[in-house]
Amino acid sequence: MDDQSLSGVADRNHTIAGETDDPATPDDKPGHECGVFGIVAADADVARLTFFGLYALQHRGQESAGIAVSNGRSIRYYKNMGLVAQVFDEEKLRPLSGYMAIGHTRYSTTGSSKLENAQPFVVESALGPLAVGHNGNLTNAASLRRELLQRGVGLTSSSDSEVITQMLAGGEGRTWEEKLKVFMVRAQGAYCLTVLTRDALYAVRDPWGLHPLCLGQLGEQGWVVASESCALGTIGAEFVREIEPGEILKITLDGPQVIARQPSLHTAACLFEYIYFARPDSMLHGKVLHAMRVAQGRELAREAPCDADVVIAVPDSATPAAIGYAQESGIPYSEGLIKNRYIGRTFIQPDDRLRKLGIALKFNALTDNLAGKRVVLVDDSIVRGNTSGPIVRLLREAGAREVHVRVSSPPIRHPCFLGVDMATYPELIAHRLTIEGIRQHLGADSLAYLSLEGLIRSTGRDPATFCTGCFTGQYPVEIEVVDKEVFEVR
Amino acid sequence: MDDQSLSGVADRNHTIAGETDDPATPDDKPGHECGVFGIVAADADVARLTFFGLYALQHRGQESAGIAVSNGRSIRYYKNMGLVAQVFDEEKLRPLSGYMAIGHTRYSTTGSSKLENAQPFVVESALGPLAVGHNGNLTNAASLRRELLQRGVGLTSSSDSEVITQMLAGGEGRTWEEKLKVFMVRAQGAYCLTVLTRDALYAVRDPWGLHPLCLGQLGEQGWVVASESCALGTIGAEFVREIEPGEILKITLDGPQVIARQPSLHTAACLFEYIYFARPDSMLHGKVLHAMRVAQGRELAREAPCDADVVIAVPDSATPAAIGYAQESGIPYSEGLIKNRYIGRTFIQPDDRLRKLGIALKFNALTDNLAGKRVVLVDDSIVRGNTSGPIVRLLREAGAREVHVRVSSPPIRHPCFLGVDMATYPELIAHRLTIEGIRQHLGADSLAYLSLEGLIRSTGRDPATFCTGCFTGQYPVEIEVVDKEVFEVR
Amino acid sequence: MDDQSLSGVADRNHTIAGETDDPATPDDKPGHECGVFGIVAADADVARLTFFGLYALQHRGQESAGIAVSNGRSIRYYKNMGLVAQVFDEEKLRPLSGYMAIGHTRYSTTGSSKLENAQPFVVESALGPLAVGHNGNLTNAASLRRELLQRGVGLTSSSDSEVITQMLAGGEGRTWEEKLKVFMVRAQGAYCLTVLTRDALYAVRDPWGLHPLCLGQLGEQGWVVASESCALGTIGAEFVREIEPGEILKITLDGPQVIARQPSLHTAACLFEYIYFARPDSMLHGKVLHAMRVAQGRELAREAPCDADVVIAVPDSATPAAIGYAQESGIPYSEGLIKNRYIGRTFIQPDDRLRKLGIALKFNALTDNLAGKRVVLVDDSIVRGNTSGPIVRLLREAGAREVHVRVSSPPIRHPCFLGVDMATYPELIAHRLTIEGIRQHLGADSLAYLSLEGLIRSTGRDPATFCTGCFTGQYPVEIEVVDKEVFEVR
Amino acid sequence: MDDQSLSGVADRNHTIAGETDDPATPDDKPGHECGVFGIVAADADVARLTFFGLYALQHRGQESAGIAVSNGRSIRYYKNMGLVAQVFDEEKLRPLSGYMAIGHTRYSTTGSSKLENAQPFVVESALGPLAVGHNGNLTNAASLRRELLQRGVGLTSSSDSEVITQMLAGGEGRTWEEKLKVFMVRAQGAYCLTVLTRDALYAVRDPWGLHPLCLGQLGEQGWVVASESCALGTIGAEFVREIEPGEILKITLDGPQVIARQPSLHTAACLFEYIYFARPDSMLHGKVLHAMRVAQGRELAREAPCDADVVIAVPDSATPAAIGYAQESGIPYSEGLIKNRYIGRTFIQPDDRLRKLGIALKFNALTDNLAGKRVVLVDDSIVRGNTSGPIVRLLREAGAREVHVRVSSPPIRHPCFLGVDMATYPELIAHRLTIEGIRQHLGADSLAYLSLEGLIRSTGRDPATFCTGCFTGQYPVEIEVVDKEVFEVR
């Protein structure tokens, strides 16, 4: 149904993504930023295993999917727009034979959804074929891009992943190992890379460890890297360890070999992986995310208790925190909102009559669990604040006597420049309004956010190891003033 | 991606639907049987309202969608394969102008998924144009079909909805009202119909009231009928009442008018609407389904208590029952299984290595909530028993010390002949095995089903008003030996 | 690219096809009316042979294509919108196994281009499965249609081919042979049918023999029927004879058997098959069409000589007549107009600047052959007269000193009601204007048409054996006042 | 219908294009090599005019089409696989607003038919956006490609047009004018370029003038460049002159300006443009091609006369030469072969029985014009010799007493390395066999080719101004041993 043709605009203007008014996707959540996968296995159908790995990582990006495979001589690839199950069928997998593969599933912000940006990027270079899958965002992409243009490389897309690919293809260094090390010297910001060459698979994670990347073992002879551990479980691989921040890991049939492990003074893991991004059954630092989210709900109940009759969640992502809040507070947990499971992109806009009903397309309230009750509504985060108000209204119309909103993360007051599609300053409700102002905007009886300390406590880790940029405005890397040359779709 | 061409086989052979081995849809649930919708409204965009009504009924059928609109002179329609949001865009809606409309969303069993069977069926007849949407299954379709063939009507599909349409188009009676009454005399089995003629919308429900159909009011001048009340809420209509079993309701701009209400000695509502089919936020007989399912869990906890540490559900459908079980038993509720939200039809089959992992594509276990614990796993129903075993295994691998399966409905021992895609006798695990045999098959530490009495008690209604065929083998209507003439896809 | 969904309008209004302003198809020619094909062969891939037969008949209809195959037990079919080579690939052919097949390629008038009308029509009937392919037009379709509606058959399309199929499925008679005979009693107008049942292939031609249908033999054991003999040659079959007007021929593995040969007082073959429709390499009554068209040019040169320097044709259809004119007149033949071979349906409209250039998208003039010359421009027919004027202008702009238009058929003064998409009275230029008026409209120096006598003389046959309706207004059958119940596309 | 996704193989292997056995395209002709178009016009819809320009150039390439437009600030583009009328509709044209545009229609050899290779190529460069359309073939592409890889540019396709684009984007020079001049110093071989930058359109033709490129004027203020003059006529532009070999022409709203005119010792125009490529209504050096092809036929009749009854052509391309042969010899011209106008790419292969019939899918013989006659069959060229034999056989089966083959070009004994998809040495029949050997292979009674002198005489130009490489093996530029790094489709 989508048109897979190539089109675009090449200019130098800024682009400001407009607010989407898609009735079917009013999610007020930060956007994911792609899933990466890589595998080396002698006697396995690596393309098929990559397919199922991407299937498990689908929540990290739904725009496009691609797989590249090396047989030791050449790299074959296939990529297209859509969910991984839409992009691939047996006919598409068949030519992808080899013993090493990488895969990618891409999330995209409004306006750059097009085939040119689909990954992996595959190029022929002086050292032979090269395929790159990237999760993250370089903070100095604009100056690196300018450098490439000055060096005489014509760029076909607005993607910083193309920048990375061309930096590797043409950067200094006589070997891929050298090129990757030079890249890490030059690149600032978030990057988890899977790099496939004719002879090896490389897994690379930025020194701040902003986004997750882990290593697994598949039987005796196979090795897997993936954005999240859930992809290992899906294909029957055992979790081995996380790729360290600043690490370059080379994997061949001889097994994994650490090429570099850049000493990183302090890491800066993205807290939103803990709050919302990663699948609840994935593990970070040895803990399952679901448990950490339940702990966030418990912290929240301690920090912001409430006299109420029932605890409900904004499904599905806030359910663990709501369960935690209920456990700690002793207030019974129940379901108060039903999510339409078949919600999806629709091209039909509601007319005015329907627009007033707004949120009802996505959620319906369960009157019996709400009528006459004092309700604690647990959400995991509020970005723009444009969906929480309608939900509060929905609950009141269903008879809720009081609605107390509890958010299992701190107020988001700053944008993300490190690979999360968050929002701009003027869009962030917690940048514009006080907590009391937000409460009034939502029409809630009370509103409380989890403290940053409480959030970090729920992870059981050292506070110094996280990026808190979107909460505090203090980023782990210098943020370049963005003046992107962009290729933007009409 | 689907091919929307016409193809088929015209013969007289039986067809036995093979077991699907689609790795991505191992649902062990009965199949829904379509959603119907109808609307009459003077000053509204009835096609658009029908679109959003179908959107809310999408869970009742995902194969095809269609809308037919009357402007008082002619009927225009559009239908195609796919979800309602895939089938319709603004360009498709634009020509569908008028003041009365019906819509249909179709579920289909394997093997008859094709455009010929998409609804509404629209024909020109001696009384003018006619469009029919049908939810249900006629038990005497085969003999009615034979009659039509004898009468000289060539039939283009295997659908009993085409049979209904041709019976109305060519049946006795000088008016649509007469024809509908004659139809009700001849038809046996389950049917909720929305019938659109040039001048009126008719809502028809079989005398047994097997499947739900309700009436709503939209503002001052609009009237709506829908399979479930959730569709009323979505478009801002108020619930008025259920269409009575045996009722023919005519709706024009002058409002609804009861044409017939066949005295029905006893109704026979499908219990699976209460257990699984209807959306939890829909209402049946004045009660919200979510509340009745919580009550099923409470009954189950009383009937089959258990000494355990945690109650978990097979998501999402069994969550209310699990919450009820937890509430009644005092055992804490938590999440133990995470469902891949992007699961969908995939054409890629796992290889042998992956096939052993089986269920992991759909569910992952949450180790922290399970390890070392005695777990109560609540499911709403077990049909073939082919997914519960792998789930029990998954829980044990995640460290569960004991797994006690509790099912919030009775054992399904008989097929359904009234519009539910259940399974055949040899496929039904409770037909083949004792409860103890099933327990062994699942590998559970204990297994208990809700009693039929308990189930009915949860509805708060008279036991005589339900169809209990799939549990007891006693059907409300005589079941014809099926010898269908089928048009089957290659 | 086309949307293959089902849509339509069911009403009783008349439909008048508007004039197309498609810039790329300004053909001023009558429309073809479908090609039919049928085959019985024991050891051959009948679906594949049918494919290549339809490929050769593609000029008779480009809208949709379909093939139905019988294996003696059931009939399988596939049909879709598009050219036969677009509709079928190996995957589509594979399930079509059997030893008897029919195929159809459909031409369609504006407004009814949709999948419901694609042929063959396949239905289940009291006598078993039935597939019908039809070329022609019933003149009493409206009353037959009314009869079917009265008999209680709901009709899903506006096609008279559906009327034929339902008449056969439900008409009187205990056997297919009886039903076909009854059909021939009731049907008026043009029909060449290929009818496939479980056990036999029937070829049926109307008593007037309006459109061609011939029989061929394929090796020892195979038999073929086709609209034109060119389809026989393409698959290596030998021409045997024409199916006689009024004949029903039954073909099984035992060979062909004449079931009926209705005595026809006089036949009425469509003269436009001789002028334009049939492929120049096909044969009618033992003569190749190319030769007859050359003879038309010779006749024309004798009837309407001209003092000129060069003879050119409107390519490609008038080339044989131009060659004949040149041979007879002694004036040299050359090419004066080049046709864009890649012309096709385009959705891009020229703007005003381009619209003035008009015809240039389809034809370009060859200056060298025209400049300073007196040109005879031979065309085979003029219907509306909207393309000849621009061509004359084009020739003058290329330097032609004089342009003498010669038309190798008589003036078309009446519509066709027998299966040719001709035009309505007000559209026909020769209905509105005198020859001199047309000459002025075209801007030609002189204009002459071939006489009806000359045209018939070129065929070498008895004048009484032709339909001359479009030239004389005298039709071989009574024409019913048309008040069609139509299903019309938005 | 085509899959527009991205896929490929990145390796260093040679690729040998297999012989196609597509039954529907047995053309034994050299392949065209793209059409280019460019326009600057203040008050016109330049994208629409480009569309119609490409429409007229469609014969030069049918694989993909694209248009890029500059509005003085940015460049927008759209390209896709398919004919220009399939690729573009109003919705695709709408965003392409501006006052300068280029367009491209691409021919492709087997194996590299994919979206990555579609043109124009559009990149962001240090000097701003750049779009390039290319017709031709660089003979030193491999070393230029190696240079780019060494310079650190990763290449995404096997196209030498990408090489050109990256050479311009990153080559030496502070302005586009300088960069274009440097490019012309480095590039060897055939190239007609239309280059669109933010501020200007450039038309560039290689110093040998291998392929045609001409300039036209559109009204007062518009300027057009196109591969052939037929595209000028189609949009109403006046022919001005050819772009000179070695010329760089810059066009802005101020009109055209010659930037460079490299002194070229001798030009080397491709003779196959005269024989077959260019449309017969296009002009080269002030002469219409149709007239030159008639002259080739006359020369051929003088050089190789024949005692025969009829002259026929292999339609459509050889028709002018056949007319010329007939005129000079006095033997009557007629049509002897009918070409199936709906021939096109089909995915259905004939089975063995049909394969023997071979050519009949494309051509049918006209018995009446052949039976008992001595036939001169005129073709314009023979490459592999695999279709002429079946045609001769076809004529004999149709009754031809003698078949004398006359070819209006010399024997092709060498491949082309300058942008024509000719064939390899072992494939060229005139490389392997003597004239007598070819005659026997074809089964003709006699065979004669036009002499090179005769061919050149028909053009009326200096013999020193042509490339005769495919006839003589003497190429105007040094041919690099090809060791391409290719991206090849599975």
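Structure notes:
As written, the chains take the letters A, B, C and D, and residue 1 is the first residue of each chain.
Throughout what follows, contacts are C-beta pairs under 8 Å (C-beta built on N, C-alpha and C of every residue); 3 or more make two chains touch, one makes a residue touch a chain.
Treat the numbers as computed from the prediction; the structure is a model and nothing was measured.
Touching subunit A and subunit D together: no chain.
Taking the mean of the C-alpha atoms as each chain's centre, subunit B and subunit D sit 60 Å apart. The distance from the centre of subunit A to the centre of subunit B, each centre being the mean of the chain's C-alpha atoms, comes to 35 Å. Rounded to whole angstrom, the centroid-to-centroid distance between subunit B and subunit C, based on C-alpha atoms, equals 48 Å. None of the residues of subunit B touches two or more other chains.
Pairs of chains that satisfy the touch definition comprise A-B, A-D, B-C, C-D. If you check the complex, the residues on subunit C that touch subunit D are 1, 24, 44-45, 48-49, 51-52, 55-56, 58-59, 62, 83, 85-86, 88-90, 93, 230, 233-236, 279-281, 287-288, 290-291, 294, 316, 319-320, 323, 327, 332-335, 338, 340-342, 344-351, 353-354, 356-357, 360-361, 364-369. The part of subunit D that touches subunit A in the complex is made up of residues 3-13, 66, 73-81, 87, 92, 95, 115, 118, 121-126, 128-131, 149-156, 165-166, 168-171, 485, 487, 490.
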